[in-house]
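Multiple structures are listed underneath, in structure tokens.
Each of the next two complexes has chain A plus one more chain, namely chain B in the first and chain C in the second.
Then we have the complex of A and B:
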């Protein structure tokens, strides 16, 4: 499915991901965790479709269970004792729940990163970096060009060397190591030789003249302004709520968290909206599309 | 108005006796399409690099170059960067960034142009070159031809008034090359950009050229409109005449008084007019006569290529290379690259596999070398499965592969060390090793190159050094991947000569190539690979007589009269036979 959040300005995406990543790492409160985990899982499903189902069921769920079970086996703090292990150590409710919460944080962060990987493509990073450090951004875009080239050339060299009986798959380990070094040495010579031509091509197109500008395809639109305002508003509410301690929870020795009030409900709502911002945007775009199609 | 005025220009590289350029006098007019040709090492590239100061190598220079009336050296750097566009041979090395749109903007960014203007220029160039469909693509996903077009477009985005190109099509297949040259002609015609080009594909480039300049040993030997320059070369009996288009050579070989044709179209018209003039009825009973002379010339061809090949081929029970209903794909769910591919190569043959990009030619070579295995069907090298034989056995005294990039074989500092290194694991004693090495040096004519670094050699020389290296393994079957890529006419002849001599020693040669002219001139059998299967296969003349587009220029000129006339020499011989009869 097409994701509409990906077509917003890279700056919006960067702010969003930085915010949700930091909040997911810091907030241990179960309501916050549940909101973030659900939103992240839903977004990765939207981005990756069927591949994400496998990723969640076979990767994330076992990881979550494993981490949740491991913590009480080693951590014995807490006042509510459930039962004793054969070693005589107690298994407590607090440490079990702490394990679940820690595992939840871990898994949520991994899922966010997997969304980020799809949404923030290399050219967006290069663009954002270029705003701050133009020289570094050129370096980055050049390495993105060279890495696939070198890999391809390494394969060619390896095939050619294999055909004269000098391959890493042939002979004993000493011979293999030597042949591997040969391939690396050929690749280096090749890379240096070709870099001369690349340098010529850059010079020929005026690289090195003072006052270089940085071009990008990204443009700031009114939709981006609206998104930025929404983001800042939600961030403000969640930030204030965090300052007021709405997101805190104490696990040891006994579990203690703030009462649920109107204030806390507001902060929960804001956090829920923040995490599901891309989902809401997609829903909105979907509705808009249908209404324009049916109107015409 | 002259955009470049070159006066008495001489140039020599440091610590080299002979000057690379000597007393060059040349005026290049605004809007001119100038093609510069000459064999490798004649000073073409050196001359081009004198015209773009940032790329001029170090060395001693005399004489002067004026650009638009002022000395080139005093032209402002920013103006030089924008107005003098330079396109290099290898697009792979020249494309700097990872995305197409970014590459288009690269030069404009260097000039410090603002976002809005860059956006406009990039859009203009993308539309002019038809790049909009792959505007957002990553450079690594592009084909070679697209990459070269991208390099050209990114230079054109700076709106140069002169475009200098150093063998831009040498790494491209024929179709991509034609496309590229067509674009150049369009730039010249529609934007009025001056074009200075070095090129080996004269057959394709001369029809769009205004002026041909031929160089040798750093001097200009002929200069003028293409036909006039060709006439001059002929008068001088210059070896470069052999690189001229087929129509010109046939005309010269026949000795016609009519106007010289340049293209296939003109050649066809001229041939008919010539025969009419000589009062010969063009073969009216063409089909019948063609058929009989075809068999005649075919047996003749088999005889003069290799006296033994025909006999051996019929007797051999085990073919040197055999593909039986081979199916192959790279990925489980991917498309099939080879689909029921079958062919046999008999021992001692020179077998050429032709075909466009992505037809499966290179995959076929990898399968033959045992680097890949088919998922269905059989591959046999002298009756054995190459993927199951231990590489050491397979590649010593059996099969050898000359890769498309000879550099992938070079490890050492000099050519001599390369050869010694090849025998480091050999069981031969010192004397026998030296003898082997001396033998291949003499065979590949490397005597003068032994102390050079392999990377300092020209393309053709690198290839000979790589071939020598591979021959030290004493192969019985030699596989070559695009051996004529980037070679000029002379290196091609030299390569053909080496292959013939190998054949005479009983080596089977299999090559995959785009180069129709080369295969037509030197192969015993040709096969056309298309969509993963062999579409046509046969002895050279039979093969080319059967196709109408996929054939040599000489054949396209004369095929209505003599279907089996494949090379320029064939056509000339037929003409002479017709006129003397």
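Then we have the complex of A and C:
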């Protein structure tokens, strides 16, 4: 399935990911954690399909359990004692729950990053960084281009070496290793010489002169304005809620969290909407597409 | 050099303590990972700003990009051997040949770019910082331009830097990432369980420096002479 959030403006995506990552790292209140974890898991499923199921079940669930068990083994604070370890240290309910909450934070952040990896492709990073750090962004572009190019060139060098019996697949292991080093050495020389020619070519075409423009495919559309407004509104509500302490929870010595009121319900809703913004956008686009198809 | 010192001083003396203070008082001293992540990001800011302000030449940019890309391609070439990667060795070579600042940029860039191929995560800033720091130190320690450092000296530096700096900082970071509270016991466990991985990594750095340092440094010197690359600024 195509992800519609990926086609929105990179700035929107950047704001979204920075916000959800920071909030996921900071909020330890169970309602907030559950909302973020569910939204992140649903989004990664939508982005990666079957591969994500394996990632979640085989990677994230064991990690969650391991991290949750680790805390009570080292942390013995808390008033509700469940049982004693053989070493005589108590395992408390509070430290167990705290371990679960911390593990939840960790796993949520990893899942968010896995979504970010799919959505924020390198061209978007280059575009966003190009505005504030042009030279570093150029460095990034060049490196991203050079890596596949070097891999390709290494294959060519290796093919040429094979003709004279000096490839990594020929000879005993010592000869093979030496041939590998030769190929690497040829590649390095080629890369440096080639790079200097690129640099001269850049200079000849006026790199470093003022009035430089950069190419990008990204346009700011009406949908992006709407998304930005929605994001800012939700961020405002969650930010105010966080300032009012709705997101806090105390674990030690005993668990204490703010009462659930209308105000906290509003903040929960806003946070839930914020985290599932890409999912909602996809649902909306899907609905609009269907109604367009059925109307015509 | 002075402007970087000024920036660094501002960051070390004002912004980092302010962040730690905010972490303790506003976030109830429980968000170690978040606070440490911010500090790691701050340390990279002066390098970025100085580099941008200086308006680097095309050749300098390209040289840094080439070294970072070689490091990433090296990491990709050894994907089947966990921890046995030439990245640190190439970053050290870049630092020695191109200077401390370029060394930092090569390291940080290699860390960032390689994760586009291997997966971005909360570990990316830590890797960027560690590789960058090692490149920076290599540039500072071996700054004598008239004579290349000997292979054995480079190997000792590379092995120690990988084991102590990279291993030390990355393990510390993964402790903060993985468990909610700082505890010496967990930290010790993390260091002990990570020790063999760090040792393999250090051995890889020593091996690659042994094999690569001489030819690569000579190639870089040749290119620098041939094209008049990166003049020493006094």
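Note that in this section the second predicted complex is superposed on the first by the 253 of 296 C-alpha atoms of A that agree within 3 Å, B and C clash if a C-alpha of one lies under 4 Å from a C-alpha of the other, contacts with A are read in each partner's own complex, and residues count from 1 in each chain.
Going forward, a residue touches a chain if its C-beta (ideal position, glycine included) is under 8 Å from a C-beta of that chain, and two chains touch if they have at least 3 such contacts.
Given the structure is predicted, the values throughout are model-derived calculations rather than measurements.
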Partner chain(s) touched by A:102 [first = chain B, second = chain C, both, neither]: second
In the superposed arrangement, does A:248 touch chain B (first), chain C (second), both or neither? second
On the A-aligned overlay, A:142 touches which partner chain: chain B = first, chain C = second, or both, or neither? both
Kindly classify A:163 by the partners it touches after superposition: chain B alone (first), chain C alone (second), both, or neither? first
Partner chain(s) touched by A:150 [first = chain B, second = chain C, both, neither]: second
Based on the superposed arrangement, let me know which partner A:186 touches: chain B (first), chain C (second), both, or neither? first
For A:212, select first, second, both or neither according to whether it touches chain B, chain C, the two together, or no partner. first
Just to be sure I read the superposition right, which of the two partners does A:71 touch: chain B = first, chain C = second, or both, or neither? second
For A:113 in the superposed arrangement: first (chain B), second (chain C), both or neither? second
Touching chain B and also chain C: which chain A residues? 122, 138, 142, 144, 185, 189, 193, 198, 200, 202-203, 207-208
Inside the complex, what are the residues of chain B that reach chain A? 52, 54-55, 77-78, 81-82, 85-86, 88, 90, 92-99, 101-102, 105-115, 118-119, 122, 139-140, 151, 154-155, 158, 366, 369, 371, 391-392, 395-396, 399-401, 403, 405, 407-411, 422, 425, 455, 469-470, 473
In the complex, chain C residues that touch chain A: 27-28, 30-31, 33-34, 37, 48, 51-52, 55-59, 61-66, 68-70, 72-73, 76-77, 105, 109-110, 112-113, 116-117, 119-122, 177-181, 183, 185-186, 211-212, 215-216, 219-220, 223, 226-227, 229
Over in the complex, which chain A residues touch chain B? Could you list them? 122-123, 138, 141-142, 144-145, 148-149, 153, 156-157, 159-165, 167, 169-170, 182, 185-186, 189-190, 193-194, 197-198, 200-217
Taking the complex as given, what residues does chain A use to touch chain C? 22, 25-26, 28, 67, 70-71, 74-75, 98-99, 101-102, 105-106, 109-110, 113-114, 116-117, 122, 133-136, 138-140, 142-144, 146-147, 150-151, 154, 181, 184-185, 187-189, 191-193, 195-196, 198-200, 202-203, 207-208, 248
